[in-house]
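Each chain gets a letter, A, B, C and D, in the order it is written, and its residues are counted from 1.
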Amino acid sequence: MTEIRFHGRGGQGAVIASEILASALFAEGKFVQTFPEFGVERRGAPVQAFLRFDTKPILLRCKVYTPDHIIVLDPVLTKTVNITQGLKPGGWILLNSTQVPNSNQFSKFRLAIIDATGIAIKYRLGAKTAPIVNTAILGAFTKISGLAHLDHIIDGIKEYVPVKLQENIQATKDAYEMVRQI
Amino acid sequence: MRWTIKEKELMYPGHVACPGCGGALAMRLALKALGEKTIVVLPACCWTIIDGPFPMHSLHVPVLHTAFETAAIAATGVKAGLDVRGKKDITVMAWAGDGGTLDIGIQALSGAAERNDDIIYTCYDNEAYMNTGIQRSSATPKGAWTTTTPQQTPKLEPKKNITEIMIAHRIPYVATATLAYPEDLINKYKKAQSIKGTKFLHVYAPCPTGWKMAPDLMIKICRLAVESNIFPIYECENGINYTVNIQPQKKLPVFEYLKLQGRFSHLTQKDIDEIQKSVDFERQLLLKRAAKS
Amino acid sequence: MKWLDKYKVIHPKLEKETDYPHWAISLTSTLLNRTGTWRIFRPLYQDQIPPCNNECPTNEKIQGYCDLVKQAKFAEAYKLILEDNPFPAITGRVCYHPCENSCNRKDYDDAIAIHCVERFIGDWGLKNVALAKPKVKNKKTVAIVGSGPAGMAAAYYLGLEGYQVTIFEKQTKLGGMLRYGIPAYRLPKAVLDTELKKLIKLGMKSKTKCAVGKDITIDYLRKNYDYVIICHGAHKNRPLGVPNDKAKGVISGLEFLSQINSGKKPKIGKKVAVIGGGNTAIDAARSCLRLGLKPMILYRRTRLEMPAVPDEVDACEAEGIRIEFLVAPVKVLATKKGKVTGIELMRMKLGKPDASGRRRPVPVARSNFKIKLNAIITAIGEQVDLSILTPDIQKTEWGVKVDRLGKTNITNVYAIGDCVTGPKTVVEALGAGKRTAFQIIGATEKIISKTDKPVKFTDLNLDYFEHQDKTKIPEISVAARKKNFKEVHTGYNKEMVLKESERCFSCGVCNKCDNCFVLCPDLSVIKDNGEYEFDYDYCKGCGVCAHECPRNAITMIEESKVEEQ
Amino acid sequence: MKKVITGNHAVSYGAQLARTQVISAYPITPQTQVVELLSEFCASGKLKAKFIKVESEHSAMTACIAASLTGVRTFTATSAHGLALMHEMLHWAAGARTPVVMANINRAMGPGWSVWTDQNDSLSQRDTGWIQLYCESNQEVLDTTIQAFKIAEKLLLPVMVILDAFVLSHTSEQVDLPEQSVVDQFLPRFELKTKLDLSHPSAYGGLTNPDHYFEIRYKIQKAHEQALAVIKSVNDEFNELFGRKYGVIEAYRCDDAKVILVTSGTITSTARVVIDTMREQGRKVGLLKQKLFRPTPTEQLREVLFKAQKIAVIDRNISFGHSGVFAQEIKSSLYGLAGAPPVFDYIIGLGGRDVTPDAIYEIIDNTFKTDVPNEPIIWRGVRL
């Protein structure tokens, strides 16, 4: 069983991202389970989403405490939230960032960065001050993790992101190309 | 003068209303107007008892008894069910007392009115919780005695104006009616039946028992209520167009109305003057509204 | 129709658990619940006597026919009138209508113009309703002395039952006072003649120009007829009783009218004084006007005390006839040859009431004065000629002595009308004729006594009546009345009569207004074929029906006082 | 068709596939998605139903009752305070024998405000006459919703389908959405014999005096007594058509178990993992999932539980002044059986506190280690 944790802010689309990824994995024959951090979601506040997938039915119904990978939709969160908590050594950390973080806290893990914000702004996804980066970040994660096919991600976007579909698909594809493994 | 009122009854005698019950007569006349393609919804009120205990029933139309605060929504539910079943020609009427309308039921009523649910809602107003033994409701007029507003401290607050509250919902039809003008009442029910949406009828229905009044004066007190402008007979369409249906010929002092009822026997001349003043004020207000529309 | 017949009632057997529905779904109606046991008082439909009916000397069912007229049921209305009064076209014109004086509506706005409704129906009936034929053959014979209204009424009701009626009339034509006393502008002769046809249709025989007491005797009639009805009226002139009252140019009112009504034009001087305050005086004065004379009326009391019908007095004044009140003749002024030149009068003032209840005129000292005149018509009352009676018939001071039903002291001899009462009205004569006829027929149940408890104004629930002025009574202009005897009142048309009858309160008599039916909270007024019935199985005795009955036709009585049926 | 959907949407799909005719609901976290999706279904015509968007849960339930009495299929969903507000009408629904189906998303009761899961809301409605079915997965939510209509309509009793707030309601997982035609075959059109209709001008639910009321109550109880058999047959029929069965209870690896853990809702799911782990470790432990809470499946519980030496009950609820509700029910079911095993009552996870496999492991382990419960209720995870 693989567990992934998404870190984001309310409104960035972290929950949708987890659902798109789950649907892509489901399309590839996996058993999936995804859920947001339970509670009252507010725009801008830190949020988490969780994803489990496996080749057999998933019975665990508790939160994800020891994720295999981390996806961070907002680089600023690294300063306020202990994003690596419970992360298994060797797991991926995908950061939405233009800069490589100047920190050794990620040394035990595999790190990749993508300017998802830049891509979102380019395609006018979300508001200027609150770009929606989830589709871009998924393109990047697909590339680095190899867990799902880009086509299935795009299928997921078609199902879960009804507005600006082409822009979102293009953002995913751009990120797929642009993601940088550190 | 002869009435042009249908002879066919949709109500049976043997019902369990007190002698001279305004609410009983109101139902009888309303059903004459609406006809047998009608379903009545009754929340807790005098009519819960009047209809007769199981296994008896005093109406020749189906009746759904429901909880106190649910008249409007239960009617909506019945209407929805009938609509889904393709039975769109059935009139659904909620029939609630003043407590069930002005107090505990106002939330559901306001909800139904806001949604403009296709029901007729009748508030038969006897100005107190009569079924439980004459306790004050928000429809009890200022100065009246009830068992919870004893003579030493009769009700201090004026009656809540439910008619205007319902008009403010801008529903297609709101009307007042009373039993001394049965044709007006029947015409209003027929009109309500012809309109789609929420229709609210405020029927002034005396309770001789609770008003400490001789039962044979039941109709007379209705007439006096109208002639003294205590209970004006008017209607309002779409929350805007007011029509005063009965214009009292003579300006009857409220004292003529009050003096027949034991519930007002303790009032002083000063109290009566105050009531007269507020009645006059309300009358002018209504006439202004009617003139503007 | 009782409820149980009208609606099927399911009687469930709720003895064991399986008899119940799965929850509280009713199985039957509240017809099982006899709420009549709650009652302390019970309502009863009990018609009361309306004051109009009560005051009418013929007890016409005025409320009843007004109600039928409201529904435009004119034929039914006509037949209803005929039950009590055979000649509504006559009374509708000449009756002084005491009904209207008692009408409760007068305390509300204005009395119903009952006589106009009656006249309309009377005229309508004459045109549209076939005359009655005798119901049964009857070998009994009746002699009626005098063909005035009393005799006519008796003849009608007896004829209807098949009695062989012969009427004896002194004059050349039938009708008595109706023909010879009432001027044509009030009662056209054609109307009288048409009404009289009813009697002919019923097989009545008549012997005119036959003066009983002269041409034939009462004894003869008693021997040859099963019944004798004396109704020869009061035609005997009463002299003025002042010096020169037999002077040339002094004529009795009745004589004067009789001449006119016989088609003659009385030859009297132009300036005429009519003395008296009754209907004869008014008729005489107004007739004078129509003959082109200059009449005035002299009366010893005031207008308030005048026995004439006020409407007639009004009309008289409207026509420009002066009435001099509070004057009494002292002496007729005449030439030596005995021809009238004027009259000497004396001023009067009103003193204390006399036996009639009217204030007595008292002479004012030294108030004599004179008026120049060419003629004087006396109309100070008529007397009964008692000379035609056989001595064994008991008499009173002024007429024949009878009981309430017209029986004299002699078996099968009756006396009715003015010859009993002295000069009275047409309608009283008609009433007396009818009562005597019913007495002879044996239909005593139809003889109604006047009640002292007619419906009062305060008994009514006025909330059900709107104010409505009396429908104006149409008449020809004053100018058009001069020099002819055209009928003054032209009568209501259909529209007017419907409107006027609608004003009737229908005091005390259920007219199916439906109030009790519509306003019963307990559905205990059953309506079957238009008739109401209380359903005492369910009536809780609230009394709403009685209170809301506009006309006091429902009475509440204590349940404990209801007799077991 | 398999699809990744939330538990809330599983409810919506269930109501849609059941061809619900009248829906009435009022929004409350965490139920909102149920009514949002149903609104979309109605708007798009995918579901031909009348959706009455009322001003309170009390009205929502009333609308369902009233519509149901006209003989149509009705549905609503709520949570916690919404359910509590409905309380009066829950009695009415059962008393009027209306087959209303309702999803309740288990949420803790305030104050303080909590949107997170526990079972106190639904268990507080224990005595209203409703059938209560608790679910552990989104598939079960959907399948139970469809079955609920059939059960309700056969018994003329209202049915509550219950799922945990967030843990199911907001969790997406794959669900096999059945074909409409097969659902139609399973669930034909609803016909109510005596309904509010002009042909039966009767009064429904009028004044019922002591001569008659008692018998009517008796009939409700009789219907509940029939419910076990009806639910079983409905379940069998469902299994035949869809290949999935749930039963009123499920015994998992109980055959030779010395300790049997009793759970309901999503804790069951996590507990299965723990049971498997402990079995691998050679511990003789079994799991009893209580899906049906009302009517109480007494015989079925006895049959499974009587074989164990000890019983550990996990209660995500507390009946104040007594104990966890499920433990009470289990004890009462076993009462009078000679040699009945002792019952350990563990209170855990109130107000949405996460229930981990470790916590469940510890509960079972503790039960093994203790001969008889030292205290009537055992709190787990409470910080004192």
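As a working rule, a contact is a pair of C-beta atoms (placed from the backbone, for glycine too) under 8 Å apart; a residue touches a chain by one contact, two chains touch by 3 or more.
All figures in this text were calculated on a predicted structure; none of them were measured in a lab.
Student: Looking at A-D and B-D, which one has the bigger number of contacting C-beta pairs?
Tutor: B-D
Student: Could you find the chain whose CA centre sits the greatest distance from that of chain C?
Tutor: In terms of C-alpha centroids, the chain at the greatest distance from chain C is A.
Student: Taking each chain's centre as the mean of its CA atoms, how far is chain A from chain D in angstrom?
Tutor: One centre to the other, that is 35 Å.
Student: Please report how many Å separate the Cα centroid of chain B from that of chain D, as a whole number.
Tutor: Taking the average C-alpha coordinate of chain B and of chain D, the gap between them is 43 Å.
Student: Just the number, please: Cα centre separation of chain C and chain D in whole Å.
Tutor: 90
Student: What's the distance between the Cα centroids of chain B and chain C, rounded to whole Å?
Tutor: 51
Student: Touching two or more other chains, which residues of chain B qualify?
Tutor: In chain B, the residues touching two or more other chains are 51-52, 54-55, 57, 60, 65.
Student: What are the residues of chain D that contact at least two other chains?
Tutor: Correct list: 200, 202-206, 208, 212.
Student: Out of chain A, which residues touch more than one other chain, so two or more?
Tutor: none
Student: So in the complex, the part of chain C that touches chain D is made up of which residues?
Tutor: Going through chain C, the ones touching chain D are 14, 17, 20-27.
Student: What residues on chain D touch chain C, complex-wise?
Tutor: Against chain C, the touching part of chain D is residues 95-97, 156, 194, 200, 202-206, 208, 212, 215-216, 218-219.
Student: Applying the document's contact rule, which stretches of chain A touch chain D when the two form their complex?
Tutor: Of all residues in chain A, those touching chain D are 19, 22-23, 26, 31-36, 38-40, 58-63, 65.
Student: Using the touch definition up top, name the residues of chain B that touch chain D in the complex.
Tutor: Going through chain B, the ones touching chain D are 36-37, 39, 41, 48-49, 51-55, 57, 59-67, 69-70, 73-78, 80-85, 87, 90, 107-108, 110-111, 114-115, 117.
Student: Touching residues of chain C toward chain B in the complex: what are they?
Tutor: 3, 7, 12, 14, 24, 26-35, 38, 463-465, 512-515, 517-524, 527, 535, 537-538, 540-544, 546-548, 550, 556
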